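Everything below concerns the one structure shown next.
Just so it is clear, A, B, C, D, E, F, G and H label the chains in written order, and each chain counts residues from 1 on its own.
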Amino acid sequence: MSEKLLMKGNEALGEAAVRAGCRLYFAYPITPQSELPEYLSRRMPEVGGVFLQAESEVAAINMVYGASGAGARVMTSSSSPGISLKQEGLSYIAGAELPCVVVNMARGGPGLGSIQPSQSDYLQATKGGGHGDYRLIVLAPASVQEVVDLTILAFDLADKYRNPVMIMGDGLLGQMMEPVTFPDEVKKELPPKPWATTGWTKDRPKNIITSLELQPERLEEHNRHLQAKYAQIVREEIRWDEYLTGDAEVVVVAYGTVARIARSAVDAAREKGIKAGLFRPITLWPYPYDALGRLADAAKNFLTVEMNCGQMVEDVRLAVDGRRPVYFYGRSGGMVPTPEEVLAEIEKLA
Amino acid sequence: MAKGKVVINEDRCKGCELCTTVCPHKILALDPKKINKLGYHPVTLTDPEECIGCALCARMCPDCVIEVYRE
Amino acid sequence: MKPVFTRPRSLADVSTHYCPGCTHGIVHRLIAEAIDELDIAERTIGVAPVGCAVLAYNYFNVDFQEAAHGRAPAVATGIKRALPDRVVFTYQGDGDLASIGTAEIVHAANRGEAITVIYVNNAIYGMTGGQMAPTTLAGQKTTTSPFGRDVEVCGYPIRMAELLATLVAPRYIARVAVNSPAHIQQAKRAIKRAFEVQVNDHGFALVEVLSTCPTNWGLPPKKALAWLEENMIPYYPLGEFKVPKEAE
Amino acid sequence: MQQEFIFAGFGGQGVLLMGQLIAYAALYEGKKVSWIPSYGPEMRGGTANCTVVVSDHEIGSPVVTRPSCVVAMNLPSLDKFEDRVKPGGVLVINSSMINREPRRTDVTVIKVPATATATELGNQRVANMVALGAVVEATRVVSVEGLLDTLRKKLPAHHQDLLPLNQKAVELGRSFVSQVV
Amino acid sequence: MSEKLLMKGNEALGEAAVRAGCRLYFAYPITPQSELPEYLSRRMPEVGGVFLQAESEVAAINMVYGASGAGARVMTSSSSPGISLKQEGLSYIAGAELPCVVVNMARGGPGLGSIQPSQSDYLQATKGGGHGDYRLIVLAPASVQEVVDLTILAFDLADKYRNPVMIMGDGLLGQMMEPVTFPDEVKKELPPKPWATTGWTKDRPKNIITSLELQPERLEEHNRHLQAKYAQIVREEIRWDEYLTGDAEVVVVAYGTVARIARSAVDAAREKGIKAGLFRPITLWPYPYDALGRLADAAKNFLTVEMNCGQMVEDVRLAVDGRRPVYFYGRSGGMVPTPEEVLAEIEKLA
Amino acid sequence: MKPVFTRPRSLADVSTHYCPGCTHGIVHRLIAEAIDELDIAERTIGVAPVGCAVLAYNYFNVDFQEAAHGRAPAVATGIKRALPDRVVFTYQGDGDLASIGTAEIVHAANRGEAITVIYVNNAIYGMTGGQMAPTTLAGQKTTTSPFGRDVEVCGYPIRMAELLATLVAPRYIARVAVNSPAHIQQAKRAIKRAFEVQVNDHGFALVEVLSTCPTNWGLPPKKALAWLEENMIPYYPLGEFKVPKEAE
Amino acid sequence: MQQEFIFAGFGGQGVLLMGQLIAYAALYEGKKVSWIPSYGPEMRGGTANCTVVVSDHEIGSPVVTRPSCVVAMNLPSLDKFEDRVKPGGVLVINSSMINREPRRTDVTVIKVPATATATELGNQRVANMVALGAVVEATRVVSVEGLLDTLRKKLPAHHQDLLPLNQKAVELGRSFVSQVV
Amino acid sequence: MAKGKVVINEDRCKGCELCTTVCPHKILALDPKKINKLGYHPVTLTDPEECIGCALCARMCPDCVIEVYRE
């Protein structure tokens, strides 16, 4: 591990991608993630990689499709409106089973909204988004170091499952500086991709990258295959973090930067003698339903805190499945909840 | 003897008649009696002796049905 | 006897799904011939559009990617940037390239992306059943211009070759037709040249190919050839709009 | 132990850098740190501020409602952040640019004529260093050596000649603090 | 009511829009909804309306934004991939509170998929889709007559709530012919839209249509306003249909064309003496959680049937809230479940 | 004393958020003057872009819509088709119009949509902090072209006026600059003409305005005017590329 | 009572229209009806078919796995749909285009030389009307008058002269049915 | 007497100096002593008598700060 650096989340993410062996990056500028293309416009040439500013988010995601299909580790990034524009492309990428990393440093919506941090793209990332039955693996870092670690993981998961992986951050995480260390070694050994369209060398069948299957029987077959893959991901890749949940009566559920804030609130609550704990999903999809559900035996109730009008709370309800009441507290439009506000909510439930 | 020789892959013919329009000797025509696998009347050479092997037919055919040989 | 004309090796030995007399098939063959003649099959990667040529990947003996509607130039950019020494080409219809994919083709061309674009203009949306394309001729009836294209309401047919030729970066831009043996020969030369430009000069090249859609034009294939000659060529003049500098 | 800071001022006053230097110095002394800027539409030209948290343990919220220390480099910043200082906390004000008295009586107010001092030193841009000296002296969030060390590390090679000036500024800043909080 | 006509769902929808007073329609062709633009390309000129084929789905949805902002009743339509491309625009429209009708005649996904019918855009329509906290009202007709009725309703709801309304169909519904009647009268009296940008006549404040609010406080305020509106819609606009649910032990939940198939299966089950019933949501959002949840007292279990890999089933679970088991049966990729298959599933649960 | 110059009525009497010396403000004023002189304020509807001019709706005394990034021509199309007798204009930056919104501007122009487009080319993405635009000059440094724009990698700056002038439908296309009083006078005439074309001929008109971004060019406002003159105008020649037929 | 039909044949044989005519005729007789085409990649050129449901009550599934009647206008259609006919149902085959015997023994098979009859009538395109005559006669799904009425209503004005021919075709079609099912 | 009269809306001035560069008589300059609401040194007329009322300053000003009157 290298020396500790203070870095912005956006820049750290860029550096982590480089260390993970990503050599192609296509994106279109948008606040609050522009430090990422800016960083990589300097950094990619240093490692012989490609930084290309695309003409739009739509073009960027389709460049990712092409480069990923050609066997490369490739990334794109944007923020909320730009991510909406990528939905068709994401559906194609998922359908064609192409590995790639997509970053959303989300901002307040809907529409043009504001450029302040938000978590209001949760449902888009984890459920809806593009058309058809597909899933992104969605990773939600809560610190700049975790941005680095999960970015590296993201590339590995993408390749392992031939599936797009989204890193879901927000403007705060992108702008925040914290100490980070990077693995010294740049990834060199990347997994083989015999399916990639690298030019047909005749020692293998011709490779075709497509999401088209005009025969519904065969498309259904393909969907079954995808569902089996998703089921495997659910079995193997769920990640979460718990803090003082052992004896918690009020379980706060929050992810990303909000989980940090919630953690402060939990500390404050404990100081007041309230048995509060924090459950922090790290993978938003696959969602840690079972791990969270297990807490329902001991907990009196659940408090979901989000930087939106209530999105993940549906997953919390699905996890708790009616056994305990699930409450919600949220701020939206770029407003960030404070530990004090969260504490007040905890106190109401204690 | 014919200067050219034309080999027709009948099963691939879609009976579009593009070849027939360009043959300088008008010696290609659909065979009304045959129906191929695709369900079309395939093209046939009405007078093989007249073929000059110009390959216009082959170049016009959208389905690469025809191969042409010459002395 | 010596072969005068045989099936190009790079053209897969299968029957296509194209309608009888559809000249998409001719364009496919010309591309395969160019690939054969330049002997680049093993390093060529094709990009198929959404349009009647959506299944093009089944018809060439080269690696292929199927792109989202209109995005083939972006997909090709991704491939080419990942593998700069490969030969990458897109095959796109007029709906794909000149309508939904306008931004992508303009910017791939403007970047001078070293790819070859084969742009099949048949003045209609073939695959979806004959709706108006941006290239549909004035007065031409289609399922979404049932009274004939009214240029006052939906504008004039767009000439992409000329539009793209205003850009600095593209090295080769030409328009050809495939409605007669003579035009097909010209088309063949242009398509081959468009690949050479990529292979030798690392430049962007585009060939617009005027093509027929007998099914949606509502014409027998033979008549479609004539319709193209009489209606499309006068509005879409054939020729080279941009040629590599050294050859000017 | 955890301390939270808001550094606020005009865009050109180097307040973001103040925060980064504190964060780095604390990092080098083995602390946990976080730094966040306020970014937004008002970014251009207007006021700027950043929040720094320095802690012995894992940092929860990097967003701070009630910081233990506010550094106000100009009047709008004082207006905006004065009320936010935690009771018993520290309020450092650049008295060269702020002509009103703080209203708070439950915090330690440290007045530093930062801009004037910097101007006297011949370079207005080190006003932030003067203020930083006062902050370090008053809060002991990092050692003075640590801060100067950090300065040395972070000044780009071609600016190392400015080191003595900065050092001087820090020292003068410390001198305005009569009491360690 | 006029004479009964046999019409395709797509065409009937177009005619219903015209009768509802819609005079602008912008769209891009895509199977299996192209009959709709084709129909309106003939029909709009007859009524002095505008049919404009847009250069893309993105352009189409933004034309809708402009026309709706100018006070018109306006519609666009597409099928799955095209709907994905509209997500940014939809988020803007929802954010700017513009009324409009958006039709999705969904097809098999993900990616290019197939052109056969599908319901795999359920989550996109009801939860995710674009960025930010917003909601579409989503109507799911199950017959061509209902296509007509709900289309007319859609325009009224859109105007009433200043909110986009989606009509969620599938290829089958679009292609199917059934008898329909239309209201004789074309809507003439449309609700006044004093907020529209019709040119500033100085008898009112200048009108601005925007979704931008750079101050997060104000954007949050706007989001609160939107949430209050959504809450009102939830209170007032939930629609559903029940068939033999009174004594049902197995409650089949299905919407749209699948509900028709399920109904046949329910009939067949009843013939075999199985107490089956059908619950059919008509509004997919707002979802009839309460109405469905009430059935949990009597029912033994719930069977969700969808033309996808399991999407609405999450809402069924949320409605049932752990009180009864919820099962799922689905076909995907353009495959349509048969009454026999559904019957077999019912029999397993009886 | 008689007024020689006063604030146009259609320009809202407020301070803008533009940086000191940013010539967006001049362009705003010229538009307001044209609206005043043609006396069309009460039937004009503006469309704001995403870009520094995103808040343009606050600066004009006319109804306004704020469009998604790049989509102003589509939004304007929607408005104009709904209200054909109103005057509709878009105000767009170079990122907005020449990058993400390429398809929308090409097709609005190609349809001959009766709207007026004011296209402010400042060779950079102003609002997002100075990233490269498609119009950024060769060698120009920006935050995403830190070593200067490399035309081999990202192509040549795009000349939209020339590109759009290849289309049949547009009635008026011109390029002007606002870096000196003389240029400003020319610009004013062009902008007024672009509105006249809409009002009188029901045609599409576009004026590309070369404009400064002192903040992201890293230059004091006065130097920015000179930089525009010395660097932009040679590459982006001023002039009228398309004028209404009768006036040719 | 509910009857389900699949009409299948070549693209040019007018099978979609057959279904629509039955649906309309039934509608005019007060029945509930639904009609769905198979659409898909094979649409172009290849085979076409549609499904019609006619019922006294609300129609559930418009998709039918086991129709009560299949009309096969060519061999591929017979191959595809023969097995689907409900036991006891009706299988109408265009014997002019189908030279093999049906395998099913649990259904009523009605052979109609539809194409040949139409050719004799001087217009191959009315083969579908010949078959329809047989269908109506065999299934009684609608009355013959209802069918002819529908034809009259649905033939476009400039084709009304073809009415007698179509009528003739229907009548001939009926004559091939010896038994009402 | 001056031919022209210039009215400066000081509170709107952003001190960009574009006007000062175009004034043919160079009689506009920022006032180093004033700071306006926006925080800028506003422009001022150094020699009102010299103003010819050409309005070049006004036309150049991006913020419509200046109005010009003439005999």
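The rule we apply is simple: a contact is a pair of C-beta atoms (placed from the backbone, for glycine too) under 8 Å apart; a residue touches a chain by one contact, two chains touch by 3 or more.
Bear in mind the structure is a predicted one, so any value in this text is a computation, not a measurement.
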Steps needed, at minimum, to go from chain F to chain G via contacts: 2
Touch-network distance, chain A to chain C, counted in steps: 1
Distance between chain centroids, defined by C-alpha means - chain A, chain F (Å): 38
Distance between the centres, which are taken as Cα means, of chain F and chain E, whole angstrom: 39
For chain D paired with chain G, centre-to-centre distance based on mean C-alpha positions, whole Å: 87
Residues of chain D touching at least two other chains: 40-41, 45
For chain B, residues contacting two or more additional chains: none
Per-residue multi-chain contacts in chain E, two or more chains: 31, 52, 55-56, 58, 81, 88, 92, 96, 111-112, 114-116, 210-212, 214-215
Residue ranges of chain C in contact with chain B within the complex: 1-7, 11, 15-16, 18-26, 29, 180-181, 184-185, 214, 220-222, 225
Chain A partner contacts - residues on chain D that touch it in the complex: 20, 23-24, 27, 32-37, 39-41, 59-63, 65-66
In the complex with chain E, residue positions of chain C that touch it: 50, 54, 66, 68-70, 95, 99-100, 102, 125, 127-129, 131-132, 134, 143-147, 153-154
Contacting residues of chain A [partner chain F, same complex]: 28-31, 34, 37-38, 41-42, 45, 51-53, 55-57, 81, 111-112
Of chain A, residues touching chain E in the complex: 58, 80-81, 83-85, 87-88, 91-96, 106, 108-116, 118, 120-121, 123-134, 210-224, 226-227, 308-311, 314, 317-318, 321-323, 331-335
